[in-house]
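Single-structure report; data block below.
Each chain carries a letter (A, B, C, D, E and F) given by its place in the written order, and its residues are counted from 1.
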Amino acid sequence: MIYKLLNSIDQARPFERLSAHCDIPCGIYDPIIAQIAALTVVRMIDLMTDLDNKGGEKNKDYINSMSRYVTIKEEHAEKAKAEIRVIWGDFLKAQHLEKYPNTHALVHQIMQLGSKARQTTDREAALQLVEAINQFAEIFWGAKNIPTKRAIAPYAPNLELVYPVL
Amino acid sequence: MIYKLLNSIDQARPFERLSAHCDIPCGIYDPIIAQIAALTVVRMIDLMTDLDNKGGEKNKDYINSMSRYVTIKEEHAEKAKAEIRVIWGDFLKAQHLEKYPNTHALVHQIMQLGSKARQTTDREAALQLVEAINQFAEIFWGAKNIPTKRAIAPYAPNLELVYPVL
Amino acid sequence: MIYKLLNSIDQARPFERLSAHCDIPCGIYDPIIAQIAALTVVRMIDLMTDLDNKGGEKNKDYINSMSRYVTIKEEHAEKAKAEIRVIWGDFLKAQHLEKYPNTHALVHQIMQLGSKARQTTDREAALQLVEAINQFAEIFWGAKNIPTKRAIAPYAPNLELVYPVL
Amino acid sequence: MIYKLLNSIDQARPFERLSAHCDIPCGIYDPIIAQIAALTVVRMIDLMTDLDNKGGEKNKDYINSMSRYVTIKEEHAEKAKAEIRVIWGDFLKAQHLEKYPNTHALVHQIMQLGSKARQTTDREAALQLVEAINQFAEIFWGAKNIPTKRAIAPYAPNLELVYPVL
Amino acid sequence: MIYKLLNSIDQARPFERLSAHCDIPCGIYDPIIAQIAALTVVRMIDLMTDLDNKGGEKNKDYINSMSRYVTIKEEHAEKAKAEIRVIWGDFLKAQHLEKYPNTHALVHQIMQLGSKARQTTDREAALQLVEAINQFAEIFWGAKNIPTKRAIAPYAPNLELVYPVL
Amino acid sequence: MIYKLLNSIDQARPFERLSAHCDIPCGIYDPIIAQIAALTVVRMIDLMTDLDNKGGEKNKDYINSMSRYVTIKEEHAEKAKAEIRVIWGDFLKAQHLEKYPNTHALVHQIMQLGSKARQTTDREAALQLVEAINQFAEIFWGAKNIPTKRAIAPYAPNLELVYPVL
């Protein structure tokens, strides 16, 4: 019964009409903000590992640095998720989802990877977050018919990011 | 090389490993926060309509009330979206998505309806937002094997909400 | 001169005139948001205790988890306080305070317990916070003439919450 | 029954023990932040009145200025309330409340006046908010045994504020 | 006397030592975030002008759109200022300021232009903000020895931005 | 063409035109907010040192207190920077900068000291932050032709602050 009601809403009108009005809110979407945020997550994990490797005392200086890294990692993982969610919800319309049918699953994966990046210090998961957002960036620029390239970001951790060719 | 790695993750086993760690973050998820937020959106539209119907002068008092309603509508539509996104990304796992295969599309619809509720004063869209979130609440409680009922919320605009039977 | 004016207001008829305009802002107040927040405080203390009981190394993973629990505890204790303060200041009027003369002291106690829940990891204080907010919820629903019941919340730490009977 | 439980909590232990630990969190409380915020509320109302008196067109420039004034008024009224709530909840203990038995009612009044300052453009209510917070400042400095004076604030709207004599 | 004390602090030690430790906080700075924010300011002014040109009724729909544009303009002007302030304060050191002696004045100008962009709907001031931030971007990339180019941004209002050549 | 325009503005007469409109935003600026924030930074460092000196176990209670101190230190160092930046960007005009030619360098130093206060637990740097903001306060009150005095703040850490003589 749940699905029937929804399906009726779903099939009959909303998506089409919503798409029709997409010009009004059309903000300035750019996945680079999420990409930079994801890079920052990796960077924080690297700084956390470095600090542990130094092997100093676990005193106020250790907590000061470590808990600041955690907070910054937290904020940027959250920012990455929020930015992707906005582009997904506000910019991508029925025609794009048809062209890129894996988008919903990719966005769900980004949410999960973003959460994992917050909950752990797993560098591998953070790299997967960067890459998943890169793939989302390729969908986004593809939806705007703008070609992309991959280049090394000009700051540590110097990972490959997807950029539009301007 | 990273790119390849992610594709393999993406296609073959995206969520299983992540699901395995779901107990650790398991917070206290409750869609009622999003449901109350969506009700508030409808309420603000009603107050905006009432104010226009009064027909007073368009002076500082009018702007004071109207722009406060817009801001509150804005914040609660955003809150509704954020809460649903968190439950979707952090709580719902592969097994739930299999049981409720329409979830991704429903969440995407909630994001779009939430944005429409911000961009317009369309009461119909706000009602659809309440209903879409109610349906999400049914999925959520279903995933937890807790039965639900529908009852009139004890505050204006007195719409039907989905509640768990406790 | 202002000073005199206020004294007269203060002593003679502090709330009556203000109460007269209470309908205009009448938003959608629901103590469940504060109740869920207080539960979350207890939950975080439980996770903190579990983590210490595991007895692992006090490295970046320990700080990552522990400082995230502290932050979430912090935010939810604050949210609980803020929500109660809003209902107290915006919804409760002279007639309610007459009917429930202990309200001011209860709210002050909630503020103190909320602060204690932030400053310590004392589970007993957090339980008192849940209970004090439950009692506030009973006053709130009583002021609206809606009966309440107590039921176990459908998520850990599975404590008793006050719910309206709808 | 509600009150019995609370009374037992209330009378038996919590306040005393809480007071005993008050040194640990003892931050740096200063009501001047709330006083400046309340002045700003008055200032915004003055700017709103000036703008209406100019009588220009009600176009984008009018909304740009007017809605910014509303937002700033909103934020500062809220800030005033939040600051007072913190000092009341975190600093004032049983012995202070005994010495100043009207404190709870004054704080409740500040919450109501702060809300009225948000909901309206009533300059008189905003002046009452400034004065109520001045009276709270006198209680606060009295609780610390620091004498106060009243002086005209060195910025528009040049109202009288309570200052500690240092 | 003021200046003597400061000069002694200024000349004797702090800048050098601070520079020496710049690696530790070295985050991931990128002026593109401020540049996108400044573009958004121009975009909002364009949407505000379009809405006025449509000439509809000044009712709830008008205020809903107009006050949302104001808020978004406000937030992005503020974000632009905050991002530039962070790069200026955290990244640029004595050696960079020597190489680009106009930097302090440029940053102060950005702060003023950002404020003007909030206070008015003056498109010319917003364009100057974009350009001033572009010039800051050239200084920033110059300080990192990375060459730049100018290209049209791939979204409305399609102004020229400074990009690093990667 | 834009580029040329800005260069001419930049070199020849950057601030005059902007200054002409300074009355409209003229808010209520008061450096006391930044001064209290800087004091709080010192206070947090003192509490962190005290906690380490107690020498207890490095368990959840230690992290709870220590990471809260870090967060509060972080927030207040940031608040100090933000408040100074606003007064510098919004209040100080060409004529003030002429009278106090060291202002830009002092503000840049405050930004650096504020960041150092976040990154470390160095009490000396925090004291320098307090003093640099005191010196900024002297410039601010000087620009308003209001004399100042120095007095011991009425709360720990009881450092000397600059106050206007009212």
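List of remarks:
Please note the rule applied: a contact is a pair of C-beta atoms (placed from the backbone, for glycine too) under 8 Å apart; a residue touches a chain by one contact, two chains touch by 3 or more.
The structure displayed is predicted, hence computed values, not measured ones.
In terms of the stated touch criterion, the partners common to chain E and chain F are A, D, listed by label.
Ranking every chain by how far its Cα centroid lies from the centroid of chain D, the top place goes to A. Rounded to whole angstrom units, the spacing between the C-alpha centres of chain A and chain D is 41. Each chain gets a centre from the mean of its Cα atoms; for chain C and chain F, those two points are 34 Å apart. In terms of their C-alpha centroids, the spacing between chain C and chain D amounts to 20 Å. Counting partners per residue, chain B has 24, 58, 63, 67, 71, 119 as the residues that reach two or more other chains. In terms of inter-chain touching, the protein chains here follow a pattern that is not a line, ring, star or complete graph.
According to the touch criterion at the top of this document, the contacting chain pairs are A-B, A-C, A-E, A-F, B-C, B-D, B-E, C-D, C-F, D-E, D-F, E-F. Within the complex formed with chain C, the chain A residues making contact are 48-49, 51-52, 58, 63, 66-67, 70-71, 73-74, 118-121. The touching residues of chain F, counted against chain E in their complex, run 2-3, 5-6, 9-10, 14-15, 18, 21, 24-25, 81-82, 85, 88-90, 97, 102, 104-106, 108-109, 111-116, 119, 125, 128, 131-132, 135, 138-139.
Residue ranges of chain B in contact with chain C, taken from their complex: 24, 26-30, 32-33, 36, 39-40, 43, 72, 144, 146, 151-156, 163-164, 166. On chain B, the positions that touch chain D within their shared complex are 58-61, 63-65, 67-68, 71.
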